[in-house]
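Chains here go by letter, A, B, C and D, matching the order in which they are written, and residues are numbered from 1 within each.
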Amino acid sequence: MDKENLKKLKKKVFDANIKLAGSGLIISTFGNVSGIDREVQVMAIKPSGIPYSGMKVDDMVLVSLSGEKIEEESPNPSSDTDTHLELYRNFTGIGGVTHTHSGYATAFAQAKKAIPCLGTTHADYFYGPVPVSEVIEDRCIKDDYELETGKLIVRTFKNRDYRNMNACLVACHSPFTWGEGPDDSVESAIMLEYIAKLAYRSISLEGTVEDIKKTLLDKHYRRKHGKDAYYGQK
Amino acid sequence: MDKENLKKLKKKVFDANIKLAGSGLIISTFGNVSGIDREVQVMAIKPSGIPYSGMKVDDMVLVSLSGEKIEEESPNPSSDTDTHLELYRNFTGIGGVTHTHSGYATAFAQAKKAIPCLGTTHADYFYGPVPVSEVIEDRCIKDDYELETGKLIVRTFKNRDYRNMNACLVACHSPFTWGEGPDDSVESAIMLEYIAKLAYRSISLEGTVEDIKKTLLDKHYRRKHGKDAYYGQK
Amino acid sequence: MDKENLKKLKKKVFDANIKLAGSGLIISTFGNVSGIDREVQVMAIKPSGIPYSGMKVDDMVLVSLSGEKIEEESPNPSSDTDTHLELYRNFTGIGGVTHTHSGYATAFAQAKKAIPCLGTTHADYFYGPVPVSEVIEDRCIKDDYELETGKLIVRTFKNRDYRNMNACLVACHSPFTWGEGPDDSVESAIMLEYIAKLAYRSISLEGTVEDIKKTLLDKHYRRKHGKDAYYGQK
Amino acid sequence: MDKENLKKLKKKVFDANIKLAGSGLIISTFGNVSGIDREVQVMAIKPSGIPYSGMKVDDMVLVSLSGEKIEEESPNPSSDTDTHLELYRNFTGIGGVTHTHSGYATAFAQAKKAIPCLGTTHADYFYGPVPVSEVIEDRCIKDDYELETGKLIVRTFKNRDYRNMNACLVACHSPFTWGEGPDDSVESAIMLEYIAKLAYRSISLEGTVEDIKKTLLDKHYRRKHGKDAYYGQK
């Protein structure tokens, strides 16, 4: 493998973790970002339980798609490593994954509720309600818990397209987001938290609020995404 | 056209966008402020999808009242340009428009609820409940969506006076505010968010709360506005 | 009158206004603090509608107890001046008054609800529920509105002791607090906002929550106040 | 007693109090942290009613397990001293105690509600719902109030293990947390506030939400605690 490329991967993943730490979404050592080099099938991920403040680029842990550490001297990878790997194995177009316990998105996950699509802010980023998984089964908790958490997310996307819905709430747990690279997955985590906050407040005002209609959802999502997008300078 | 005046307009609009970025109302590249020079009928507006951090005065885009770019080398104007223009064409006394997705005002927009006038803080700035538009019709979403959004706001003000109500919530979307100049429209956006927050909390405490009575509304609005105002140093 | 003492009074009132501005309770030019020199019966108060940022000690306006400006060249005093004066005339033991539109206390005022005494944090500072006034009558809005607002507060305290309850919510408006000096009245405003926030959240969790029992209220209030207090270093 | 060790204890307790002050959980002079040297049975605790800003290491007050001041010239210890001591006497494995009036945990205490265990964030730190005490009896308020508050917490833990539940809400009052040392007890206070915030929001979304199932609780608690823990770098 090309050492230079792996170094670049580590740097990207490090930068994304630092961005996450500065986003206000993180408390203590919670949260982690990973990225993958699809050519060599190597993932870099935050080490487990290490404070963001003292972290260095070289602390990022390189892991193969099947979970082996690439560099023996690395610290332990995030305890959520197997969840990340399962997402990379199944969502083959993604290049980065972010996991947080951010305050509003997690509140929805704990309430076992999808985040309804109540406005165009939501529609600008996520194509419809952000789904919530089933509660994980007991047998999955006992064996390979983190791997099974990944499988649970993949199952939740059986009839969904991971390319227009960059996020999943794991019931009783918290959100995972993804994107083209590590940085994009952090962006998705930030936007997810914001639209969760908006939805929380709208629901407080109304009890139940219906999703926006499909035409409006389509308009806003496609204004920013896909071949007919006209937002920005492209 | 006088180049000096257009430069001044760009500077005013730039300053107002920077103020908005520092107000805490904005996340990511959301939000935009425009201003108009009524003499030459030229609007300046934030470019589309450009981060606030690197933005320069000269990035502000000059557009005619009918929507043509004045300087060919300009970046693309905000994707909400046609909404701004429709407001300038109809609310002929205004000189600045601000659009945000601010957290509390947008929660009301998503709940399709006007912001009731529950106290004198509200009455100091907005003369009665801040209206919410109808949900935009499907045909308006398909053709000229941003222009139709402007028309929707104008229709919402058919029997209202845009001079004592500087704000409109677009249902399932978010707020637009306006004022004498770009800076005033940002001030309105900031106050709108604050009174939305107050109303949100009062409603949480009560379920439903009635608007304040007309005499109190009149007193406070007129203490700060119009010929009998006695607040401040004028 | 002793010029030196009036200068000291201005300085105290200025410092308290700056403290208020830095407390997070204030938005825009809202809010004002006053203080009184009981010997010469002169009040100093923030000028009307002037931003906190550029404000100078000498901008504080000196006013007699009956409302005349002492120094002709002063800016206009706060538009709430007559409310402050009415409180000084009736609550003869107080030396400072603070007025804010702080986010949680105002939410209670807008909901026309007293802040129930739900815990010892509240009991440490306010002896029982913080009262809310009646809604001001129409005739009082039309004539001498600010004076009548003061009278409304005084009426709310007809059977209450202003010495163990340093705060009043004016219905549909916002809170006034007071204390031995200007600085103490700001402290009261800060604590009022905090216990309003706690109560807001407890009520959200329960719908209705009862006040704490009298023995607990007495214990905590008297731990910090009066002859048997044993909190602190005195 | 070894002067060097007591100095170290003071330093640890001082550092933990400063950490608490910087955590955003504290307003005014509220809150206090203590630590104990189990060998010599001496506790160090924050002095009563002294601002965090000017506080020095030497202001920490040394007290014997039965409540006598060790150094005569010390300031008065926290008025909550007897509560801390009662916890050290009964929870013999702990080395630090923190008391706060933090905004969300206190809201649950005021609502007289335990914090339900709604997600894995909670399960990572606290093994099940965080209990709330009974409301303190009148006779306990009158005599030795702070000691009785300690006894109330101890009684609440009659059938609970203080080693896997580092926190207790005192009804109508606020939380106490503990840990191996002063710093750990502050960490517990910070995590308690965070999971209280998450629970508050989940409850707002649902009315009532059930606790997570035992298998998931076990998995997460044991991922971070005890002999089979695999989180972090140990």
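In this section, a contact is a pair of C-beta atoms (placed from the backbone, for glycine too) under 8 Å apart; a residue touches a chain by one contact, two chains touch by 3 or more.
Predicted model, so just to flag it, every value in this text is computed and none were measured.
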| note | For the C-alpha superposition of chain A onto chain D, the rotation angle in degrees, rounded to the nearest 5, equals 90
| query | Counting shared numbers against all numbers at the contact of chain A and chain B, is it over half, same, or under half, different? | reply | different
| Centroid-based (C-alpha) most distant chain relative to chain D | B
| said: On a C-alpha centroid basis, what's the spacing between chain C and chain D, in Å? | reply: 34
| Separation of chain A from chain C, taking each centre as the mean of its C-alpha atoms, in whole Å | 47
| task | Going through chain A residue by residue, note those that touch at least 2 other chains and give them in order. | result | 204
| remark: Listed in rising order, the residues of chain C that touch chain D in the complex are 118-121, 187, 190-191, 194, 197-199, 201-202, 204-206, 209, 212-213, 215-216, 218-219, 223, 230-233
| In their shared complex, at which residues does chain D touch chain C? | 27-28, 30, 47-50, 75-76, 79, 101, 103-104, 106-113, 135-136, 138, 141-142, 145, 172-174, 200, 203-204
